[in-house]
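Chain IDs A, B and C follow the sequence of writing; residue 1 opens each chain.
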Amino acid sequence: MPDVVVIGAGVVGAACAYYAARAGLDVVVVDRGPVAGGTTGAGEGNVLVSDKEPGPELDLALLSNGLWRELAELDGFEFEAKGGLVVAETGEVLEALTGLAGKQGVEHTVVPSGGLGDYEPHLAGGFAGGVFYPQDAQVQPMLAAATLIRRGADRFGRGTLMLRTGVTVAGFLRDGDRIGGVTTDHGDILAGAVVNAAGTWGGEVAAMAGVHVPVLPRRGFILVTEPFDEPLIRHKVYTAAYVTNVASDSEGLETSAVVEGTPSGPVLIGASRERVGFDRTVSVPVLERLARQAVELFPALADRRAIRAYCGFRPYCPDHLPVIGEDPRAPGLHHACGHEGAGIGLAPATGHLIAQTLAGHRPDLDLTPFRPDRFEERR
Amino acid sequence: MKPLYDLAVIGAGPAGVAGALTASFAGLDVVLIDAAPRPGGQYFRHLPQGFNAQAPGALHHGLDGFTRQWETLRARADVLLGHKVWAVERAEGTVTVRCLEGDREERPRTVTARGLLIATGAHDRPLPFPGWDLPGVLTAGGAQALLKGNLVVAGRKVVVAGTGPFLLPVAAGLAEAGADVRGVYEANGRLGLARHPLLAAGKAGEALGYGASLARHRVPYRGRHAVIAAHGEGALTHVTVARLDSAWRPVSTRTVECDTLAYGYGFVPQLELPVQLGCATRADADGSPVVTVDGGLRTSVPGVYAAGESTGVGGAVLAEVEGRIAGRSAAADLGRRVPPLPRLSRRRDRLAAFAKALLEAYPVRPGWQGWLRDDTLVCRCEEVPLSAVREAQDLGAIDARSVKLLARPGMGWCQGRMCGYAVACLAGEDPAAPRRPIAQPIRLGDLAAPTRSPLEG
Amino acid sequence: MNQPYDLVRARPEPEFEISVDGAPVPVIPGQTIGAALHGAGIRSWRTTRIGARPRGLFCGIGVCFDCLVTVNGSPSLRACLTEARPGDRVSTGARAGQVGPGGRAGDGDGTDGGKTVNGR
């Protein structure tokens, strides 16, 4: 009998499994699909500290950033400590941006208008300046999830971390009031604890245990260009508007392009945000807006082609914070979901903190802001 | 040009032209759109004017009939050639077709219509094998396009290989045009279909004609043989031909010198547009996804019809019949009086049964996977070798999509059009209907610009 | 080889020339750049970005994207679909997959000296 069953083989589940196995626990990861087949497989691989307001999420992001750098030694998932450049359209925006950077207390360099070209030679002219965040990084998220599971299994013993794909969880096993495993379409799995790392579908998993965790989908489209032989864009580059959009409560469409090159060659143009449920229908106007904003940032992109677009469903909670920790309403059930568009970046810290609570240690961060029952009082 | 047509037809091959003409005769305002500068699709691909060909029919079976329909259609409907469709959308009963006009300028254009007939045909289905990306290795359809569309003979010493009856006209055409065709290697049984009673459906004569042509040029036609490797430094110089067992495992091999290989293992229907619209698909007799249609060629999306290879690979004659049925359905659904024509439906049923028999007689057998080596590229664009696919599976990829996410086959320029079938086979599943929100690459500058209708300059 | 012309009794218009990395290639009006190159015995005109493998026509009908070329500075065009025009300057090799700085569009005159066309 394993100590832990992790539901979800996305990047968050993979990190939970990796750190739990490292802590000496026997772990089974189950996923109804393949590894990284959900939101992880539809992301950009953002590991950002620059877009977070000071507070619990930034604390989580900073912890995670350091852990990603350690994990990068595992190799195999294209970790790039490339840094992020946030550019401001006007002096007023630059002032706000600089003010935020000061409050964040993260490493940054304020870049005057004339210095932007040193960072990004192909950037359009006319920006008032920007802020460079050296800690912003990127990973190939699918490979990251797969690698964490594989290396966890290799390093800590194969029996200790086992991946079971194509296994759908149908319900929970109980030992009195305690959650003591899962029932699946491939038989029951008894375990000391269960981690809900089902991402956008985390609310449904919680409901099977009879608890309410409000995780909802927010659709995001990403445009992918033809591959480039030589990098056109060196860092993650985005406008200050991205920072305000990330935390937005708007129901409607918001786009603010994040543009970046990848080791495989294509440029990714990301980050539309819409609340339309699980609707995959292509929205040409969204693609048009992303293209417009990308070309405004990098006019040289106008002559290059988009060859692909994909969408994913970012799991968000009403207060835009993830749910991390054991559920007092269902002891033995730990949640690790609802990371919205930041799941890749926040995965290692989430996994690390979950492993600490599973092992009975005091977590490095106060989990109160992320506690699963925080939505009860608002209902 | 009109702000709103009754019916937009995408594809100027036999299905699209017949469908557009039928709908036009039934009283609809029709616009026909095709990416190519000339009509015909792949099968009736036309030569450029510049050749002043006095006998273009020598390259095609049944060209005259198609040409008559085309000339009639041109006088009755609007025709937009050289328009690549990159996206279609449907909202409130109106279909918006987004095109790029011109082969290099690519001006964005939009066309709107109440109904849409998708007749986008198919492309070759290549299988990967060692050396398949050497210059000089072409798809059978590519060799055919060079000849029919450009009067260029694909090579001097040519080998034709793969499976299916399409290999015969390709080889015969090359031989007639002066190539030294060193052999036609059919991986299935050479006589696989001859015993089938449906061969009486009218194809026998055509097949006999190609056979006679090959015999006249002393071209050997061998069943249970395949090209399993291509060799050369920088360009093709010879191929390894294997005799196969019934599962396509090589039994014995020999070398054939050639500068060109034209090959194909069936066809892949082009489904990106119906998938964009949410049309339901089904697996055809060979496992390929095709659009699900009713007896009137209606898809699951109201006002959207499909005809020709997109409903199942069946050739030009079936495509034309389906186009006519779809055109009639579109007119009837928009309230035009269209008398029933059961004869047409019976003809379609007969031809479709024949097409299904063909797919069953010329399947792709699993033994081809044994032709690959660890370093054989599965994906040409992203240069993904077989070993990388296997590593992805080892990492937890249990389907084609997750193999793609981890190892990148299908992520490049062609978006899996060339390797999608092979990757699905390697992942142990039938190929899925392609989800490609961008059906043709589009410059970001064009995507960013407000699009114009063809009404505007 | 005039056999295909005889087959359809073609009376082609006079040829014009395009330049491929500076070398002249004849074209019958209406032919694609890809067909003209292939017909001239030029079988590859691009190398891949990972393994530097030579590529030319493969599918021949616009779906495989192996035959990409830069024409008059305009990158990533499918040679098999692009009809040649008199005086076209076609450049091959890395340019087909390479980005030029914004202002360089229009100067594609095949200056990538290191690349050669693998003709026969």
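Following the convention adopted for this analysis, a contact is a pair of C-beta atoms (placed from the backbone, for glycine too) under 8 Å apart; a residue touches a chain by one contact, two chains touch by 3 or more.
If you want to know which protein each chain is, UniProt gives these names: A = FAD-dependent oxidoreductase; B = FAD/NAD(P)-binding domain-containing protein; C = Proline dehydrogenase.
Computed from a prediction, not measured in an experiment: that's the story for all the values here.
The set of chains in contact with subunit B as well as subunit C comprises A.
The interface with the greater count of contacting C-beta pairs, when A-B is set against A-C, is A-B. Distance between subunit B and subunit C, defined via averaged C-alpha coordinates, is recorded as 24 Å.
Taking the mean of the C-alpha atoms as each chain's centre, subunit A and subunit B sit 40 Å apart.
For this pair, subunit A with subunit C, the centres built from the Cα atoms lie 44 Å apart.
For subunit C, residues touching at least two other chains, in rising order: 74, 76. Looking at subunit A, residues 226-227, 302-305 sit in touch with two or more other chains.
Among the residues of subunit B, those touching two or more other chains are numbered 382, 412-413, 441. Touching subunit C in their complex are the following residues of subunit A: 121-122, 226-230, 232, 265, 299-300, 302-305.
If you check the complex, the residues on subunit C that touch subunit A are 49, 74-76, 94, 97-102, 105.
Taken together, the subunit A residues at the contact with subunit B in this complex read 9, 33-37, 41, 142-143, 146-147, 149-150, 163, 165-166, 223, 225-227, 264, 266, 269, 280-282, 284, 287-288, 291-292, 294-295, 301-310.
Considering their complex, residues 35, 37, 42, 47-56, 58-59, 103-104, 123-124, 126, 133-139, 141-147, 149-154, 176-178, 234-236, 259, 380-383, 412-414, 417-418, 441 of subunit B touch subunit C. Residues 87, 89, 98, 276, 278, 382, 392, 394-399, 401-402, 405-406, 408, 411-413, 415, 435-438, 441-445, 447-448 of subunit B touch subunit A in their complex.
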